[in-house]
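Before I ask anything, let me first share the structure, which is written out below as structure tokens.
Per-chain residue numbering starts at 1, and chain names A, B, C and D are given in the order in which the chains are listed.
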Amino acid sequence: MGEHHTYTPIASDLAYTFGGVEPVASLRSGDTLTLFTEDCFGGAVTTVDDLPSRVCEFPYLNPVTGPFFIDGAEPGDTLAVHFQSIVPARTTGVSSTFPHFGALTSTSHTASLQPPLEERVWLYDIDSAAGVVRYRARNAEYTVDLPLDPMHGTVGVAPAAFEARSSLTADTHGGNLDTPELRAGTTLYLGVNVPGALLGLGDGHARQGQGEVCGVAVEVAMTTTITVEVLKQVRTRWPRIESDDAIMSIGCARPLEDAFRISQHDLVAWTAELTGLDTLDAYQLVSQAGTAPVGNVVDPNYTMLARLPKHLLPDAAAIYGGTHRRLRTGGAESR
Amino acid sequence: MGEHHTYTPIASDLAYTFGGVEPVASLRSGDTLTLFTEDCFGGAVTTVDDLPSRVCEFPYLNPVTGPFFIDGAEPGDTLAVHFQSIVPARTTGVSSTFPHFGALTSTSHTASLQPPLEERVWLYDIDSAAGVVRYRARNAEYTVDLPLDPMHGTVGVAPAAFEARSSLTADTHGGNLDTPELRAGTTLYLGVNVPGALLGLGDGHARQGQGEVCGVAVEVAMTTTITVEVLKQVRTRWPRIESDDAIMSIGCARPLEDAFRISQHDLVAWTAELTGLDTLDAYQLVSQAGTAPVGNVVDPNYTMLARLPKHLLPDAAAIYGGTHRRLRTGGAESR
Amino acid sequence: MGEHHTYTPIASDLAYTFGGVEPVASLRSGDTLTLFTEDCFGGAVTTVDDLPSRVCEFPYLNPVTGPFFIDGAEPGDTLAVHFQSIVPARTTGVSSTFPHFGALTSTSHTASLQPPLEERVWLYDIDSAAGVVRYRARNAEYTVDLPLDPMHGTVGVAPAAFEARSSLTADTHGGNLDTPELRAGTTLYLGVNVPGALLGLGDGHARQGQGEVCGVAVEVAMTTTITVEVLKQVRTRWPRIESDDAIMSIGCARPLEDAFRISQHDLVAWTAELTGLDTLDAYQLVSQAGTAPVGNVVDPNYTMLARLPKHLLPDAAAIYGGTHRRLRTGGAESR
Amino acid sequence: MGEHHTYTPIASDLAYTFGGVEPVASLRSGDTLTLFTEDCFGGAVTTVDDLPSRVCEFPYLNPVTGPFFIDGAEPGDTLAVHFQSIVPARTTGVSSTFPHFGALTSTSHTASLQPPLEERVWLYDIDSAAGVVRYRARNAEYTVDLPLDPMHGTVGVAPAAFEARSSLTADTHGGNLDTPELRAGTTLYLGVNVPGALLGLGDGHARQGQGEVCGVAVEVAMTTTITVEVLKQVRTRWPRIESDDAIMSIGCARPLEDAFRISQHDLVAWTAELTGLDTLDAYQLVSQAGTAPVGNVVDPNYTMLARLPKHLLPDAAAIYGGTHRRLRTGGAESR
């Protein structure tokens, strides 16, 4: 087992891109790291009167903790990031509408001549012990408890081709994936594009619905523990998630059907590899047995996941050489 | 409680459009009907050598049983169709690839200069007692059991505006929705566009994955029992499903994000109506608590669902005046 | 040469679908027809206070004159429709915004929670002698003259597969193509799907910009003269236009890139056929020499055209067996 | 008038991103620069046997000459880049298909299970004196001359938000716009995002069709002369082109309708500003008088242009304070 590090950034340590940023620390394959992530508003929204478009300044949105240089990670390798735990660091979560952003409004790109929707902030009480977040309507006496289901919206490495990409965007390098499937107990696989991989993460959500419809989840700072492992000379083209029960391929694109196609295409190839089936037989199996959890339909690239239950595979332990099982166990031991 | 009818069509009774077809029988609001539906290939694919592009003849694809004239149904009303049971009428289900059709191939519309994928047929053993369908690879010794989860891909009424639409297409009138959420125990709500509504259904699936990726589910003829009810002067713009646990709005469109937008927009309005929340408060609740089950990403119109758990609503019994609960109970009694 | 007929419908003669309507008259291959078409509002908008959403009643929008039964036209044939002349039948054209319709607003399908844009009507003076239509701003003293360029937005035949489609939609059968390329002097080729073809046309535009951005062109009733010809056993999959200078393939679909793909795919195949080039050589030629005139980006299906100059072809007279040249000349003679 | 500089890069001077690269030289507002740009293949394709996927190495594709630091350019300013001349630097142009890239093939994002199309190279003779490029089929004796119409596919500045973007992509910063409208005699306006703007350009095309359908134009190195001017405190959100005859707004996005919406939205706002019309009156004018030239439908972001003839504006000389006219004249003098 590797070492256990901790890292808490100050505001000036935060990054706003994947790529183009110097690492804040180094980790070795096998190391565990407990870190703090700020919320997507940089902690600036604390009351319902803190309208994000006023209290936040572009491009200082969606800050990422890191990047971390992973010793020995080279282009052509895969970085496994196992999430041991994701724990809200505050007892209040924040959501909002944002002018011309979200799925049910025209936007900067799906441009219309209509004025934006009202910008409104909602605060959620987070009760980690009870495992709930409390929704409270702003214009009515209406309150319901939703399951607490902490996740990270944004996890990625530096992109290829000398690019630096805003932390608001997702692509092959990960980034702003905004899928509720990225919760504690899962392992995220990312292809390494630059020496050291340059891993960063942020954008904790106490929970989000599928699609992140209004564009903003229940945003909250997080205290998160991850274990990283470098899989040498294993290529991963699009981000993948492994849970105890399933394998998941992530597609990031517009239009949404391309995110769907990418994710399903990757899952078919992955299934063929793990079962020995030819492409068409794998296509058929995925067609009947797969699900397609929606990530977000609001960010610069939408995300769709393609998911297959592991019990349909002949040897689930063979997935990435048993990395998830190893990290899952090791993680449990090291907590 | 209404009467219980049975109806078994012969081949020449089958319809290939919604609209433009004379009714085969009449039902009254409250009546129950047990009917037989052919599979999407008209039963013509029975061995792996029966390639659909050879044994089926366009446009004689996806036959629909009906239409049924529902007495008293008028434009501006809603037709509730409660599925009491959906039972495979054969012990073998069929799937296939089809030239230039499906999500992971170029198509007639997402046109490319590439030749089509191989056309291949798969047969599934359906074991209704065990509740499984058995996948068998064609080019490998690989077999896995998947849960039997019978559903109808195609249920609809005659469209508005004097249209007749192919049974391969979904739109506001329902049609080829191809969502696994349309299973026994649910109620489908469809807006009525013409006198008598002209309900038809078909395209039974022993199961399908989300997205119906290869374009064809585990197709099988069905023996299905429904109860219908006319809700006078209740408008329903897009198809909606109610299960014991959730309300679901269905969007049918291309591109896929428009299917998503339609479904979420309808769910926000429905949620606002059922909770008394204003639009933005409902938008926020749906954003954090909703899911977005994918229907199909292969048909002329894709389908996305927006789903909200009923326990978040103040009075689930108020949904369409308690229709689902009433039909669910009545259905149980009448079986 | 065929006969010259004239036809002027009364309101109750107008059709609102392609398919599902009885023919109003018969023509023979080679016949010429002068007919009257109402504007898309049925003539109901005559002042700036006649807001379309108030004075028009769904589905009585976009009326079509016809359909005409073309003797001898059978499925598998092509119907050539040559436009001899398209002349505004009134001296005032009408345009408007329409609630939740158009390219720069959210719509019923690209759904948002925003209220619609203001509904506003513009009147245009049409000066056929001078060849101009006069734009007048509503909220400013601003007037500019635009070239008169009359065209039909809607021309089609009955669709295949027993369908009846709203005159607001375009597809393989033609319909609401809304392209400014469909002007006098061109020949439209449509695949025949039913005996008699059942040709209808309407939706005259004194002119429109590419994309028909606000959703409504300069709408006006027309007096139009066409000559029709049946090309036996010549298949046409998507609508095509031939002008004196160019061949054009039309794709009708959403998303817009699929309309683009369809049109380019069809043009590549057509170019290969006319040049004897293999597919890739034709693809290359079209890539460097083709243009892509935008039709509409507002209707249920968008339209894109793919256009190749005829002088790049070895024998322009070979296009559809010289039909356009023959009709062009014959038309000139018969005027 | 400013100084006239010349710049010829060696291979190691070339850039592959906008942003993240040190400037190679400085210019002052008003300066003229004659520079050399390599073709998109880095000059590596010289025979039909030089398949791009073999002779080029990712990410060393689409090299850009620059970036150039423009003294005094600051975020919030606009950089005007006037193209005095664009002259092919070689007598042979190159095009090709490329595996899983282009509009009429499935791609990495519009993913399918189909194998790629054949990779094939075409060579074009460029005759600058005659003003033609000669297409030669590969698998037939077929030759046609097309008009020489030199342009730059790729022109941009460093993006905002600390990003560095691949030269293969277009966005608000310009980049791989791939529109035939960017020819000599036009002025490109780009919003400045970083001090010095960091202008780069490359990807010369001897000509291209609209859409750049196969993904590759007639690629050739260029000798190009530009004049740059900084417009202080003038914001430009999306790239704009001014020619002698028209103003054009460029939208870069997927899906294609969003590129369309962006471009039209920007043109409506620009038209409102130049005419004093309110938004809806400008929307109406653009709807009837505008055209929508297609740029590319193949790159990571597609490009659409919205174009309005300048004679419809009350004072064409007011566009960006008369910059185009001034640079057009100055350029003529300095040639």
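What we mean here is this: a residue touches a chain if its C-beta (ideal position, glycine included) is under 8 Å from a C-beta of that chain, and two chains touch if they have at least 3 such contacts.
Please read all numbers here as calculations on a predicted model, not as lab measurements.
In terms of the distance between Cα centroids, chain D is separated most widely from B. The greater number of contacting C-beta pairs, out of the two interfaces A-D and A-B, is seen for A-B. Separating the CA-averaged centres of chain A and chain D is a span of 35 Å. Once the centre of each chain is set as its mean CA position, chain B and chain D turn out to be 48 Å apart.
Rounded to whole angstrom units, the spacing between the C-alpha centres of chain A and chain B is 33. For chain B, the set of residues that touch two or more other chains comprises 104, 110-113, 117, 254-255, 261, 264-265, 268, 280, 283. Those residues of chain C that touch chain B in the shared complex are 16-17, 19-21, 58-59, 108-113, 160-166, 251, 253-255, 258, 261-262, 264-265, 268, 279-280, 283.
Those residues of chain A lying in contact with chain B across their complex are 95, 97, 103-104, 117-118, 120, 122, 124, 133, 135, 137-140, 142, 144, 146, 207-218, 254-257, 260-261, 264-265, 268, 275-278, 280-281, 283-292, 294, 297, 302, 312, 314. Every residue of chain C that touches chain A in the complex is listed here, in rising order: 104-106, 110-117, 255.
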